[in-house]
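Both complexes below contain chain A, partnered by chain B and then by chain C.
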Partner chain A sequence: MSKERIKISPDLYDIMPSDYQDLVQSATYGKEDRGWKDIGTSKELIEQHSLCAGCPESMAFRYILASLPNPEDTVMVGSTGCTSLVFPMVAVHNIHSLFGNQNAIASGLKRALSVRFPDRVKDVVVLAGDGATVDIGLDMTLQAWFRQEKFTTICFDNELYANTGGQESGLMQKGFVAKMAPVGKLFDKVRLPEIARESGCHYVVNCTVSKPSLVEKVIRNSVLIAREIGPTYIQLYTPCILEIGKNSMEGLQEMRDSEKPTERFAYKEYVSEPAKQFLAELAAKDKERKAAAKQLAGKA
Partner chain B sequence: MTQYRVLPGPEHFLPPAAASMGIYLPNPGEAHINGVIVPEEKAYEEAARQFLMAQVPTIFPGPLVLWAWNEKAAKKAAAVRKLYEILKECVQPGQKPMLIPMPDYRPKYPKINPEVEINPNHPNLTIWHNKIDCCMFIGVHCHQANLSLKIIRGGTSCYTVAMCAQAGHEDAMLSFRDASVEKILKLGEWIRKLKGTVKPRLTTAKTSASN
Partner chain C sequence: MAEIKSHIGTQNKKGQTYTDAWKMMHEAPRSPSFYTGSEVIKEALRRASCDVMIAYPITPQSEAAALIGELFAEGYIGDYFRGESEFAVMSQCAGAAFGGARVFTTTAGPGTMRAMENFPMWAGARLPIQMIVTCRGINSPLSIQPDTIEISYLLNTGMLVWHAETAQDFFDWILKGFMVSEEPEVHLPLALCCDGFFVTHTKDVVNLTPADMCLPPYDPYRSPVPCMDMECPPVRMMRDPFIMKSNYISYATHASWQQEIWAAVERSRKHTIKWINGLIDTENTDAEVVIVASGTAVSQGREAIRLLEDEGVRCGLVKVKSLRPWPGEEIREATKNAKHIFVPEFNVTGWLAKEIKATIPNSERVHAGPHVCGGMTMPPEIIASEIKTALGLRSESLAGRGS
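Right after this comes the complex of A and B.
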């Protein structure tokens, strides 16, 4: 939805709800240096949402949408879960897949977009919960990585099936007792970041969304690497405050507690050699661009 | 020949698709009224009459005209605005024409604002809220229009007109096909022509609330 390409018909402009007018006038589409710092000062690509008060997933959505390098040419693929309630409020093209199908849908979509728009960069980003990514959709997730499909997979890991009342998921930690899993988890949390690395992902990160600048860097890297080199995987801890017995204000602290060096969401990053080289080239170009801009500003 | 007629509802909770009841679409140069194929000219007259009879005649422009995708879309938008202005000129005191956009097809949760928009997944909310008793869809993609027209027929007593740019809609009570700027403006001419000759259906607030 680049504002250069999409304009409201002038004769019907006044009847358009203000959200759509604002998207055209003050969204960050087409802005090269967009990022989390635009939140609050320009039209965000998500405003209302239907998640619970204080839900860390809503923070994650905000940061991710602010960090996509090319939102006007990005298609997000969602799956069943709390995230699917949010996508209708997102001002980026998106598709709702069947539960677990998301990486298969994204594979076809990415290939179709490459054929349909050979001269344009089109990014595909999968965003699904841990149930869709690791349990029900594990086959599709892994097969997409094995095939080296060029898109990013983001998993919102809340360590259970929150949307349906708290059933055990593969990413739940060992011993955890949930409302609908009273016996407690008997085996370890599935180590999907390691599996992703071994399955051919070129950039893998495991972290929380407590730090917006970190989320921005991770999302940007993952989308750009996926575009040029191959699959990337990001696992973000977005705890369900209701299911772990926390209050609305305690989500951020829960994430901070879980990212300490010995905890399960301590920041972990894997970058393949080709991806390292690509990021270095990108950084050099970025430096060059900034220096040129500075020089230009000095002359002006 | 089917005996089924596409009439204002509320028909029932799950009204059948009119196509499944034997209603078929008009050929070029034709339209349908209540599922009966008629010459297009007759449909202009009937649509104008329905607009002038209604207490809250409303135009629902969809994304195909709300956004200036190309020059043609912008021209259609201008024609829609002109039609609305004509409607405002031609109605009598007590009638309240409205122009409400359908900017998005995605269901909106937690709520829609029915005063400023209509959503195809729950169009009845906007119709109930504004007590709309006659509406016209224009610039709405066919699938979403069909869905919406069926919901309206199922749950409200609103008379529906479709100004379709393709082959028309069986689920509307009156449907044009091959909509163009000229056709939109021609409907405006018919509204002007019938101005003052049609008695508005001015009802009390109590009865109109049963929409």
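Right after this comes the complex of A and C.
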């Protein structure tokens, strides 16, 4: 999509909603080095949301949308859950269809876009909760990776079913007492990042969203690698402060506590050999570009 | 946005000419071929300008799904792959249709049931996917035999549902089905059903359109809802998501959208009538006895009518071609003279008879049967026998041991 396409006819300008006017004037579609630092100085691709006050998921959404390398040609696929309360306010085409089928939808979508736009980049990004990714949708999550479907899967891991009121999920920690786990969860947190690696993902990261710069790097890498090489998987801790008994102000600290080196969300990354090579080439090109820009600036 | 232009008269990469669909189906020369139903599905798809086909093995549609794979290998289909289950396949079809592709798939029996959650979603999302259903048993103990019970589960999904009798119906309706489904005021999925094995695995003479002609490509920008390809402005859809809200606006929105789906089914009526030449076919409906049937039960009914004629019983026939939209008015008209209406079916519950009873006045005229199920064939003799019994005529015992 060219930015021209969202321009408003001058005759209709004043009747368009202000958030649309803002999108046209100052959203970062098409900006090459877009990132989390644009937040505050440009129109974000997310409008208001109806998540709980202080929900880390809202931070994750903002950082991810600021970091997509190509939002003007990105389609996102969601699933049922708290994320589906947010997607209607996201200024990137997005699909909700059923609960758990997000990677199947994305498989068909990516293939259709490749057939229809063979000479253009169209990125597909899945963003779903841990219930959708690991429990009800696990077969479709894995099968998309086995088939080497070229899209990114992002899992918002809040370690339970938040939207239905805090029931046990596969990514919940062992022993945690929750609805449907009345005596505590009896088995370990499913090790999906390791399973993702073994299932053919080329880039796997497990982390929290406490650091926007880190989220930016991870999201950018995961989308670019998925576009060029194959499936990628990002598991982000977005604690449900409501269900773990925290206050609105405590989400960030909860994430910081959980990313300490011995904790379950300590930064973990896997990069396949082809993806390493690709990232090295990207870095070299980036360096070259910066050097050229510096040289140009020097001449001026 | 891809440029909107007419492709008619231009060629695709296989050298086929995009042809006006009406001309291709009604005016182009036809050549007779002797094919199985599965091969006919392949031949229809060769001419369908299909972007994406997604396959999964289940008897009795596996052969057709695999044959379309051959078409993909030859370059006639944009993309093709085997999904991991029918639930996943139908979601993959949805993804491809959301992305603006013309999408085709096939399934049967337990596969239809496994995928069921997708069908109201397809209709609700206005995705004009075409799904062939080669009906088979869904019960336990395991059965792979012909049985049409699964059609009854599709009737309230918001999909268009047609029931083909012959391989010729199949060939024509696959191609015509895309035209009806993709009308902007319809834009709904189509379940094109047939009786497994009886149609898929038997050979018949089918008159094919020329192989060097194909349907015009699907234009996703004629859809009544935006195509999810980021080629149109991604405005915020709503201030307050309706999904889980408990307020009047939310209820009213969902209610009006459901009404809109069924209004679209209703709007498909005129297009369906135009393309498949009426929702029903009729023969001799001035008779006092009329058989109303769909699928291969029509063929068996036609044979039963021949047997009855030999015995001096005159009997009319109504072939129901479209189940959604439902030909209520047509059936009322076609059965207005009938004192006895027989509805032979290949399923145990008699869903077609129930639909007819709910449609016509004096529904006690409807004899729901005969029914066969679980893969049994329906010899015309049992239809004739049931009719004669109801009319109080002597009927010889069928396959009996004598009395």
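Quick note on the criterion: the second predicted complex is superposed on the first by the 296 of 300 C-alpha atoms of A that agree within 3 Å, B and C clash if a C-alpha of one lies under 4 Å from a C-alpha of the other, contacts with A are read in each partner's own complex, and residues count from 1 in each chain.
Definition applied: a contact is a pair of C-beta atoms (placed from the backbone, for glycine too) under 8 Å apart; a residue touches a chain by one contact, two chains touch by 3 or more.
Here the structure is a predicted model, which means the values were calculated and not measured.
Set against each other, chain B and chain C touch different numbers of residues in chain A, with C touching more. Once the two complexes are overlaid on the shared chain, A:114 sits against chain C while remaining clear of chain B. Shared-chain residue A:50: touches chain B and chain C both. By the touch criterion defined above, A:20 lies against chain B and chain C together after alignment on the C-alpha atoms of chain A.
In the overlay built on the shared chain, the residue A:261 is in contact with neither chain B nor chain C.
In the superposed pair of complexes, A:140 makes contact with chain C only, with no contact to chain B. Of the two partner chains placed by the overlay, only chain B lies in contact with A:9; chain C stays clear of it. When the two structures are aligned on the shared chain, A:298 is found in touch with neither chain B nor chain C. Applying the stated contact rule after C-alpha superposition, one finds that A:95 touches chain C and leaves chain B untouched.
According to the touch criterion, the shared surface of chain A, contacted by chain B in one complex and chain C in the other, consists of residues 6, 17, 20, 48, 50, 85, 87-89. Those residues of chain C whose C-beta lies close enough to touch chain A in the complex are 1-2, 51-52, 54, 78-79, 81, 83-85, 87-89, 91-101, 103, 117-118, 121, 125, 226, 228-241, 243-244.
Note for the complex: chain A touches chain B at residues 6-12, 15-17, 20, 48, 50, 85, 87-89. Against chain C, in their complex, chain A makes its touches with residues 1, 5-6, 17, 19-20, 23, 47-48, 50, 72-75, 77, 84-85, 87-95, 97-98, 101, 104-117, 122, 139-140, 143, 147, 163.
Looking at the complex, you find that chain B touches chain A at residues 61, 65-69, 73-74, 77-78, 80-81, 99-101, 103-104, 106-110, 113, 116-117.
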